[in-house]
Every structure is written in C-alpha cells, then in structure tokens.
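All chains are identified by letter, namely A, B, C, D and E, in their written order; residue positions are counted from 1 within each chain.
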Amino acid sequence: MRKVLEHYARKEPLQWRKVTVLPASAMVHFTHRPHTRVGVACPVCHGEVAAMGVARRAVALDMAFCVACHEREGASVDCLTCHH
Amino acid sequence: MNPEDERLLLAPVERGSRGLRLGLVASALAAGVLCACWGYQIAHDLGVAGINRPVFWGVYITNFVFWIGISHAGTLISAILRLTGAEWRRPVTRCAEAITVFALAVGGLFPLIHLGRPWLFYWLLPLPNARGLWPNFRSPLLWDVTAIGTYFLGSSLYLFLPAIPDLAALRDRATGWRRRVYTWCALGWRGTPRQWHALENGIRVMAVLILPVAVSVHTIVSWDFAMSLQPMWHSTIFGPYFVAGAIYSGIAILVAVMAALRRGLGLGRYISETVFDNLGLLFLTMALVWAYFTFAEHLTVWYGNEPAEMAVFWERVSGRYAPAFWTMVVLNFAVPMLVLPFRRGRRPGPASLVAVGVLLGMWLERFLIIIPSLANPRLAYTVGRYVPSGVEWGITFGAFGLFVFLYHLFLRCVPAVSLWEMRAGAAAESDTSLAPEPAREGVR
Amino acid sequence: MTRWAMAIDLDRCTGCEACVVACHAENNIRLVGPEEAARGRAIHWLRIERYYEGEYPDVRVRFVPVLCQHCGAAPCEPVCPVYATYHTDEGLNAMVYNRCVGTRYCANNCPYSVRFFNWHAAPWPDPLQRQLNPDVAARPAGVMEKCTFCVQRIQRARQQAADEGRELRDGEVQPACAESCPTRAIVFGDLDDPDSRVARLSRSGRARRLLEELGTHPAVFYLARGARESSGEP
Amino acid sequence: MNRVRLQALFDDAPLARRAVARLVEAGVPPAAIELRSATPQPSLPGAGGRSWIPLAALVGGCLGALAGVSIASLTALDRPLVTGGMPIVAPFPVGIIAYEATALGAILATVARAVYEAGLRPRRTPVGPLDAQLAAGGVLVEVVTADPALGRSCLGDARRLALVPEERPGS
Amino acid sequence: MRRRRFLQNSAAAAAAAMLHACARDEVAFIEQAVARSPHGPGESVWRGSVCQQCPAGCGVRVRLVDGDAKKLEGHPAHPVNRGGLCALGQAAVQELYHPDRLRGPWRLSRGQPSGAEPLDWEVALEELAQRLARAARSSPQGVWIGCGSVSWPAQYLWRRLAAALGLPPPVRLRSVEWEVEREAARRLFGLEDWPYFDLERADLVLSFGAPYLERWRSPVHYARALAEQRQEPRSRRGRSIHVEARLSATAAAVDRWIPVRPGGEGWLARAIARELLALGRASERAAAHYRRWFPGPDPPPESLATRCGVPQEAIAELARELAESERPLVLAGGPMAAQRHGLFHVAAALALNVLLGNLGREGGVLRPRRFDLERNLPPAPPLATLAAGLQRLRGQAPQAIVICDADPVHMLPPASGVEQALHGASFVAVMAQFLDDTALLADLCLPLHAPLERFDIVEPEAALHTAAIGVGAPLVEPLGATRHPGDIALALARALEVGEALAWPSVGALVEQVLQDLHRRTAPGGTGDFWSFYEDVLDRGGLWEERPALDGLEAAAPREPIPEPKLDRDASREPSLLLAFETHVRTAEGRGLHLPWIQQLPDLLSTVMWDSWIEMARADARRIGVRTGDRVRVSVEGQAAFEAFVVESPAAAPGVLALPLGGGQRDYGRWARERGVNPLRWLGAGEVEGVGLPAWGPVRARVEAAGPGRAALFGRGLRAPEDRPLRR
C-alpha cells in the first residue's frame, strides 16, 4: 500500500501485475462483461482483494470451478461458450 | 509319451539354445526400432509421419487392422478344434493361443501410436471427472476399446488356464527363483481328479465364450470403416469380410510360426505333417472364402457404378494402387490355389512359403481398403496422395520385431506344445491301439 | 431458437479468394510452409473448389466455395470418441480443441473434406504473433480444426446485444468470409427467423445444397448461377 | 507319534481305484488319501460330479450385460452434455457395448469359478520321490498315515512304492 | 468498471483539448492515444483508414486491440469497395508485422551482401541531401526520381521538392500495361486519366483481356459491379463475355469465354467493328472517327478470322449481340496491353465503345471524377510518364537515382534499362518497406512506415464516377525507426534550404491543410466545426461524394492513326508460345508475394501454392512425358531460361504455355526469397508501338521434362465426380 502512495507522489502510472491469469494453453476465452452483468460478485473469482496486503490468486480457476458455478447458476455448459 | 519327449519339449524353457538366444536379441533390437521411432514421433508431433489431408489414416491403422486380424489365429482356431475335439489340435493349441495374445498386444499399440495426442488416450475410458465430460459410446472407436479389451483379457486367460498343469510340471523340476515364480503361476496345481475335472470344464466353457468375442472383435474393427460415409467403406459385408480375412491371415501366421517352431526347436515329431495337412486344408478353405468376399465386394461396387465409389474402384484396379492390388490378388488367391490343393503343397515347406505370401497379401489388402478410399473423397477437388514416411516404416517393421520378441520370451517360459495334452493324446492312442486285439481273439 | 446458416450466391462469386485470406486473418490459422504444403498439410477452412467442364476451346468452369457445412446430421459428430466435436443448440458443428485427442476419425467421415489436422505446432516468427486474434485459440499440435462459422463473432455480437438489452438483428453477425466478400456473395444469418435474408435465400428456386443426397442436412445453401427472375427468389 | 506319507504309483486308473477302495476299508479317512495324475483320468473318484462353471458363466454374463448397459446409457444420461438435440444414447451402440460386457463378465466368472472348484491358490506343494515319474503316465496314490504297515498291505500291487517321513512344521 | 470509465472520460477530454490546441506534430501521437487509451485491455477498437496494397484506394476499417492491428475490413460506405476487401488488402496486417520489414536506414553496397551497415536517420538524410545537392549543381538532368507510392502526399511532396531543387519531375512507376492503357485513353477520349467503365449498369459487357476480376484497376469495385449487374437490384440479369488467349480467372467467372490467338485480340475487335459498321449501328461521326484511327483498309473477314483465331460466324454473332444490346460496354487492357501491339489491341477494342455510342451514358464509358486536392496548394508539376522517364534514363546514365516505394527492377522488363541505370548511377537511394529487387541495388536504403503507421491521403488511381479519397492516420506504433516518404522529402527540403517551398512540419500537417480546404469546399461557407469534420473523416477513413454523377465524355478528335501490326510471319522454330498472366494476387509488380497468406493462397485455377507454375494442355504435357506436379525446363528463343512446375489444364490451348506474373524476387523477405519465376525477365520483346515503352508478351519457347517435383497443389481434382467417365 505504501508503494501505491509513493507512486501517487511521483505521479507515475501504477505498474499493475496480473495475478489472476488463465494460461493460453487452456484455450479459454473469458470476458468479465457477461459475469458482471448477471451480478457475479468479484470475490467469487478474485477473492477479497480489499483484505489482501499483497494481491494473490484466490481461487484455483480450473474447469471444475467454472463448470460447477455455471451449472449452479444455470449458465450454459456448452463447451463452445468458453473454448473456441 | 516318454521322458526324452518331455526333455525335448521342455528344453527351450529349461536350457534354451543359441538359436533362441540369438532370436531373442535380434528381435529385441527390432522392437527397439519401434520404441525409437515412436519416441521421435511423440517428440516431433505426428507430422513426422506421411499421413496428410485427406489421407488421415495410413499404415498405422493398416497395421492395427492387420495385427488384430492376425490375432484370430490362435484362440478362434484352438477353440473350434477343442470344441470339435479334433485330435490333431493337441500340438497346435498352445502356440496358436500365444499368437493371439501377442498379436493383440502389438495391434493394440497402434491406435495409441496414431493418436495426435497419445498421452490423452485415457479420455476414451469412462472415468468419472469433475468437468462433466464423458466418452461417446456412439463412436465405433469405443466399441473397439471394449471389444479388444475383452478379447485380450479373454484370450490371455484362455492361454493361461490350459497351461497350469505344465507350469506345475516346470515348478516341480525348477529350482531357485524360477521355482518360486512357477510356484506362484501354477497356483498349487497337484493334478488331482477334482482339479482335472474343473480345468477341463473351465476350458470347454471358455472355448464356447471366446468364439463370439473373437468374431465380434474383427467385425467391430471393420465397422470403424463401415460406419463412415467414405466411398467403398460404407459396406454391409465388411463385418464378415474382415472376419474371414482375419481368420485367413491368422491361419497364415499359424502355419508360418509352426513351421518355424518345427525347424527351430526340432519339434517335427509332434507338429507332424498330418497337422500341416489338416491346417493346409483349413487354409485353402479360408483362401476361397476370402476370395469370394473380395469378389462380391468389388462386383457390387462395379455394377452399382456410383461415381464416388467408382473413383476408388478404378484407383485400385487400374490406378495408382493397381500394382499393390494385383500383387494382393496373386499372393492371396492365385498362389494358394496353385499350391494348397495338393498334398505335397501342404507340406511344411511350401505351405509356410504360401503363408508368408498371404501375410504380405493381407497387409496389402488392409492398406488397399484404407488408403484409396481416403485419397478419393466425394468432392473430387481434394484428391490426395500418400507416401509413408521413414518413421511409419520403422514402426511397422518394429511391430514385427516386438511380436517375435514377445513370442521368444514365451518360448523361454512355457513349453510351446502342451505337455499334458500330448500325454493325454498319447494315452488315448495307446488305448485305441490295444482295443483291436480282443477282437482278433474273438475271431479265433 | 437460433439456427445459424449461410447462403452463397454462386452467380455473384467470382472466385477472388478474399474470403480465404480473411478467414486466415480472423482465425489464427497456422502458417504452413511450402514443404509441408506439398505434403498435403496446407490448411484452408474455406476453399474455392474449381471444376472444369468440357475441353478447350469450349470450357466452362464452376466455382464452389466450400467450408464446413455445419450439417444438421453431421457424420463427423457421432464418430468422435470424446465429444470433441458435437452439435450445439444453435446448429453449429462445434470443435473443441481442448478435448480433441486426435483420432482424425471425424475428418475421415466428413464427405466435404473440410476438417484439418495440426500436424505440427504453429510457428509465429516475431512480431507476427502481434496480429493474432485474441478471441480465437491458437491450436496446439495434434488436434483437429475447421470452420467455426466465426463463433467468436457470434458471441461478440451476442454480448453487444445483451449489453444493449436487445435481440440480435439479422445481418448483425458476419463471419470474416462474408464480411470481406467483395461481391456480397455470402449471406449469414438465422434460418429459424423466416424473414432473415438467409432464410429467404434458402427458399429461392436457385438454392441447392452440397451432397444433399447423403442426408447430412447442410446449413450452407448454394444459389445456382443464372437469372434470378426464373427462380421466384424474393 | 510321527506320521509318514506313502506314495504308490499305479499303471492305470482301475488299479488305483481298487487300492483306494482297500484303503477306505482299512479305515483310512478319504481326506487323507490323494490321487494324482499327469493327464485327466475321468474314471477316478472325484473326477465325475456336476460342475457349476456353466451356471457361473451365465450369472457372470448377466451381471456383465447389466454393467454394460448402465455404463453405456445411464451414466451418459447422467452427464449434462450439450449435443444440440443429438442423441447421447443410441440403441445399437448400447447393444454392442452390452454384448462385449456380457462376454467379459462370463469369461471372468468362468475362470474364477474354475479356479475355485479346482481349489487352486498359490502355494508350495511337497514333492515326493515318485512325482517326477508321473509324467510317464499312471496314477499316484498318496496316503498320509500313522502306520507304514497299512500301506504295504493295501498298496501292494503298486508298480512302485515310496515312504516319506512327514516333515513337521519347523523341522 | 468505474476505473475504466473514469479513464475513458479523462483521456477523451485530454485528446479533445490537445486536438484544439493542435500543435501539429502531436496529432500523430494523439491519434494513437485516442485509438488506444480510452479502452480497457483486450477491448477492440475500430478505426477507418485506406488500403495501399494497390492503387485502387479501397476504404478500410481496422480492428485494434491493445494497440495492435488485428484485422482489416472493407469500409461499407466507401464507393470504391463498398465493404469488400480483396485478398491482398486483407493481408496488409501481415505486412505490418512481417518479421523481415526494414526497421532502420541501411547503407548497402549494390547487392553485395558484404558491407551492409545500419545508419542513423540523421546520417542517412545528410548523405542523401548532399548527393542530391551535388547532382543538382552539376547537372539537374542527371537526377532521376521514380515514385511508385500510391500516397498522394508522398507524390505531391516529392514533385514539389524536385521542382524546388530545379530537378526534372519524378517519374510515375507503374507497370507497362497501365501506361499503355492510359495512352489509349488519351488517344481515344482525350483523357490524361483512365476512363471509368460503368459495368454495373451495362447489360452486355465485352472485355478484351482486361482481367477486371483479378488485379486490373480496381478489382473489388469491378467485381462488385459485375455481381450487381447479374443479381439484385437488377431486374434483368446482365451478360458478360471475356476475350482472352488464356482462360483467366475473369474468363472463368464471366458468362462466356472466347479464346483468341495470342496477339489476335485487336484483330477480333477490328472484325467486330467491321460488322457493326456493316450493321449501321454506329453514328456517322463515330464511324468517321473510327476511320481516322484505323485508316488502313479492312482486311477481308476470313483473313481477320484467321488472325484472331475466332470463326467468322462467331464474330458475326458477337457483333449482332452487341448491336442489339441496349447498354453494351467494351473493356480492354491487362497484360495484352504490354505486347508490342498492345496499343492497337486496347485502342481497337475501346474504339468499339465509340461505335456503340455509349460514351458518357449510363452503363457506358464515363469521365472519372476527382477532388482537386492541389487547388489551393503551391503548384507542383505532374509526375512524368514512364515512357518519358525511361527515355531520359536511356539518354545518359544519371548520377543520382532516387526510388520511392516501387520495385521497377522487378516490374519492368530488362529492356527498360532501369537495372543497368541503377548499376551505372554513381548514387542510388531507395525508400522501401522491404529489401526488394530494387532496394538490393541501392547505396542507401530508407525504411518506410507501413500505411497503418502514418498519415496519408490516397486518391483511387483508377477514379470512379464518384469523387473519393481515402484518409489514413497512424493507428499503431511504428514497428521500427521508419518514416513516411513525404516526411523524408520535407526533411530533405529543410536540409537543402528549400524549406520555405515545403513549409509543412509533417505530412500530418499537409493532410490537415488539405482537409481544411476540402471542408471549406464541401461544406459551403465552412459550416460545421472543422475538428469534428476532421475527426469524422479520419474515423471513416476518407471523404467521398454520396452519389455518382454522369460527366460527359466525347471521342477525342483523332490526331494520328493507331499503328496497326504488320502481319509478321514468325520464323522461330520453337514449338510453343509462352505468355504471362495476372492472377488475383499476382501482378507484374509482384506486390504481396512476401506474405505467407498470399503465398499459401491456392491459385483459383491451378490451385498451386508457394510457387510459379507452367500451365499447359494435357496433350502437350504427355508429348514431353510430364504430368501435373513434375518439373520442366523452359528455354526461350533458343536459350535456357528457367525451371518450373507443370500444371495440366483442360482449358489450355495446345501449343501455349502460360506462366503467372510476379514471382522470382531475389529477396523481398523470407517468404518470397528466390521463390518462383519473374516472367518479365524472359518475355521482354521490343517496344510497344506508338507508346515507346519496353514491351513484353508472348514469346516462342520450348519445354522439356526436368524430372519429378514436389509441387504444392491444394486441389488435384479437375472434374466434378459425376463428370467422371463411366467405364463399364
């Protein structure tokens, strides 16, 4: 957090680093929009970022996780929804 | 049957011989070629093979069909002979059943070898998973998996069950670690009447059960092709056609192997000319059956004269694949017809030569069924051509090596001819030889 | 319910192959060099088939742009042992690269020869990879691939529509080939919407389908050459 | 008192059968008598009798069929796969899978039952001096008894006779 | 989400502010800012631009994601391409990210691989300036500037620079046939431009050689026109007929192909004219014109028929069809025009329009419309014609040669003398994106921006009946230290103290000024805020008139007759005739063959990928014992020439070999290097009569088998299955 303030002081853009990544080898196409639209809360996948000192990967984003949620929420489980 | 018979039959197992050791090493090297080529292919992707578009299947699938066909030698034949109680089966069954098991082992490799991502082969098995995925039982490939799996398990047991008494015999003669191993394998066989009773019943029931499996296996292999829309694949007689071809090639390799054992292990006394004579007749029959199916298949296509199918037809008989086609006809039909009808032609020497020819011919037949159809798809724009690559040839060669290697191992562990069945045979013979005498007395 | 379909007007098609390059650009189709191409490994999800009729001097030529026909009863689907290729609820013939183990059975059973295999991994010499379409997966070696009707565009349009809280409009979804076509010979849309252009064209007297007699129910309609007035086309 | 094992080798089954009869008359419990041969001897006691193997095969087959059908249909139905209205389960394939499964079940049951009926299990078996000669034919009768004399009286007409002191556990 | 929106607003505001305070050079920077920053990672942005893969000037829309260009689409509203985009246009993104693009100035040593060294721009420009200054001082005529860029600012600024330095005007570098077609248009219609052919509204289109569905003029525009001419909105389907020695893609796509003897096109046109005159279809005046263009006595019909190789009755029928048609239209051009008698062929064909009286009428030949971009700019002499340029080149070896964005060594036959001149010149500077055949011979090689990296205005070189320009702005960061050819001119002007003559700090500024002028003109009284107009133009990627206009077009009063070919008996004993042809992606210029997408694109008819090929009749192939895919050795006029693959074609005329244009670059990037054959090396033959350009065309040749080859063919099948002979 102090780092961020320093950045602010130096008026430099923050250098964000991706902590929640899907490997290209997974051949998955994820977009936030449809998920935010139906009101999936950010922590579901990102964890309680506010509570983290240093951001880290909260959820093991494997297919089981996605499919489970999709089935629960009645979202499409058509492979093509994510893999194309 | 006297002790020196025993010694002779057990010699390969207990002492081995230079020939056997040589064969073992040579075939091991050949099998190594397969491993090396496959390793290279996995490292450098399937692209190192000659297959392409539209010829997506090449010699790998050819080999698959060929070896699964070969596997029909043993189990099927020995089962038939056992059930019909043909006396001349006794020296044949064991080495025949062994062929089945090892041919299946080799043939079963090829579907894996030809996969684009072989390390994922287990996705073809119905394994529970959290991702909601499941294999597709409508796919003939899954039928293959189940059928071949069953057949492999079944014929292994069918090989093992009748071998128990001989394993016990070996156990009783062996010492040291070998003894321990045989003890385990022989399952404490003692040869009590109760055990013999159970064993014979078991063998009989197995023989009944294994037959329909054997038939189904190659039928299903043929359905891999017949289920598709490809010209000259989509044929109703493919099932019986393939089974006939399978038995044909099976008998061919059986004849070849037995001739080899005869010379290599000096088993002439047991694997006698009579055996070859009988096998030869069966061989001849299958040659005719195969020819009949082949003729029917091509006649139907030619007379139907459907353009897409004719493209393949002409490609085979007068096109790029004509040389292969006519070689096949000569090896699989002409030569057997000229040799096998005659008693002298059915003697080990000529018969085994014919058999080798038929093996080559049947390999070509598989090749000719697969490639020309793929190379001439319905939309004629995409005419294909296919030249197998070095890797493919290497693996094909290595497969034979692997087969021979496994067979050599087998010869070093279990007598190639079933001791107890020979004994039983001998006993039965002596009974019959004694029988006439009282009759003669009666005359007096 | 949506059923995606395509109509290709052969009287408009001049065989310029703009669609072929557009398809490559949109779908990250791997670069196949001359040697591999000579070995029959070239990949073109969409091709213009050319057939000659007659001999010099009176020769006629027919062009047929051939892509995955997204058959209603696709022969490639049942033979896949792992459901890597299957039918979606919108009538697409889906191909899931992740799931593919590479038996290539689907390709053998496709009467249209529109399925392709990744014999090797794709090379993208830097900085060429900067052109890659982020919406389309780059395929690994050992899996099949084929025309997807640009499913990523369908989904993008869907998102757009959903954000604006409306239904998809006819002609809003355009595969790369259709969008690039200089002569507007390719029309894409929903066959279940009777008023969509593709539905109207599919009812035209000029409409044919490729190898229809096989009962594959292709979703691609070809409008034969010749005058429109004779065909009762809307 | 220490027991001995008597081994008597007879030329053929009838002789052996008679010897066994004598032993039984002499009050030797049948459990203590074991016949052995290197070839099937249908005429020996214990060789006849009815076998449950075919029934086992039948039962195994039925179980196999059941397993086949369920794996090919029920589990597939249980999985919510998207197939755009295409069938996941089709009669013919289910039939084929069931067919193979049936055969598999039957085969396994058969082997299992055969092994069970033969009372086979991996173990070491003591070998007497005459075992080796069995291969040449004939039937071996083995009795474990306390008095060696009994052997001579009952097994006199054996081609060969051998007496082995029964080794104690641990000796 | 909130963070993103906040970013959007702020960035947009900033952009707007800076646009108003437009310190000119920032514009480029701002464009990029606007193009990228307001959008989150992974979101796509669409921006307008203009395609520069060929001179047609199609409007495009560019898809940008995270600052990278991903995809090009045709601009639906642009009158040239109306939403379509050809294969080459599609491939422009691949050119942008080509790994072998030049990314900095180089000093080269005339093709020797040794001694190539990278330079700083300062050094490079300094040297170029000095060389030009020295040459200009000693003998202005000794400086030869060639310009092939389709960018108007590049052309204008270089013309202007040349004028300011007192140098002869830059030479327009286009392939021979384009120039011949211009000459024909000048003679028949008095145009210093190409006429526009209103194909869409014609009901019978007769084309002589013009491959208008391949790369000729504006392929996307004419392809669309043909489609409209056939199907909706037309009530009656139009007909199209193509006359050519070989079955080209155009011939294959139209309704009917009429094969002619190579070099017989013009005679067929004359024969048709004869019939038309006989039918009295032509007006008195038209007939009179025609007589003055072709004063020679008409040869007898049968002789005409033999010369063009088309039977008399076919000719008569064709003429009748034309005469009866309401809106007949005749096109001519293409490789045919580059033959020795190319002018005759083109003129004879185009003259039919005069006889049919369709000049300036719907569905006829129209006067092209253009915006006059230079009306309120300091004047600059027009580009010199190629003919004049080559004349000067042959005069005395120039000291300094500057080539801008063209590959004359590849696209002109050796007889043009360009290559010798380059070798002879004491200094050669080449501005290029890639190391092409011309750049290889340079002392100094200056790398150019790709179109998407720079400001530009592109005028369709083949203008329509609708005035239109394409306007491009920098949409992506330049890949390396590259520049706009116009900016190079401006830098030179500053270095050579003629800055006041070229007073723009950058091309961007020039573009902006031109647009301001256009804004004033198009929006009378300058209504509307210029910046919104500017933004709008950049966003659409151009500016164009909404509806077409019919400008009158008259036949020009004939000054001199069109030179007719003598009946030349060719004495050559070589068995076959070798000719070169265009395809959808292959032209004499050879543009685009450095891109894998283009190389691996199967040729429509031969389906060959990655190489050149020889197309021949099956019978001929059998005679020399080869079949499709085998290699043959070709010798031209008795001397060994080259090797290539054979492709048998049922449409090939016996005794005729056909070779596609474009291949055979010496470098041009890894995917074009030493790939295929450049026919112009072998087909050069004398001069185009009446134009003074080096001609190339059918030559006598001989083929022999050179063993099997591994040709990459995509579709080996020739016949649809049902056509297969049933051999029961």
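Here is the rule we use: contacts are C-beta pairs under 8 Å (C-beta built on N, C-alpha and C of every residue); 3 or more make two chains touch, one makes a residue touch a chain.
The shown structure was predicted, so the numbers you read here are calculated from the model rather than taken from an experiment.
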Per Cα centroids, the chain farthest from chain E: D
From chain A, the most remote chain by mean C-alpha position: D
Identifier of the chain whose CA centre is least distant from the whole-structure CA centre: C
Of B-C and A-D, whichever chain pair has more C-beta contact pairs: B-C
Length of the line joining the C-alpha centres of chain A and chain E, rounded to whole Å: 50
Distance between the centres, which are taken as Cα means, of chain E and chain B, whole angstrom: 66
Approximate Å spacing (C-alpha centroids) for the pair chain A, chain C: 33
Centroid distance [mean C-alpha coordinates] between chain D and chain B, Å: 30
Sequence positions of chain C contacting 2 or more other chains: 39, 42, 47, 49-51, 78, 83, 86, 88-89, 92, 99, 140
Sites on chain E at which at least two other chains make contact: 42, 715, 717-720
Shared-contact residues (touching 2 or more other chains) in chain D: 80-82
Residues on chain C engaged by chain E in the complex (per definition of touch): 9, 11-18, 20-22, 24-26, 31-35, 37-39, 42, 44, 47-57, 59, 61-63, 125-128, 130-134, 176, 179-185, 226-229
Chain B to chain D touching residues, read off their complex: 1-3, 6, 126, 132-134, 136-138, 142-143, 146-147, 149-150, 153-154, 157, 161, 164-165, 169, 172-173, 183-184, 186-202, 205-206, 209-210, 212-213, 216, 220, 419-420, 423-424, 426-427
Chain D partner contacts - residues on chain A that touch it in the complex: 71, 76-79
Of chain A, residues touching chain B in the complex: 63-64, 67-68, 71, 77
Chain D residues within the chain B interface of the complex: 34-42, 44-49, 51, 53-54, 57, 68, 71-73, 75-76, 79-81, 87-90, 93-94, 96-97, 99-101, 103-104, 106-108, 110-111, 113-115, 117-125, 127, 131-132, 134-137
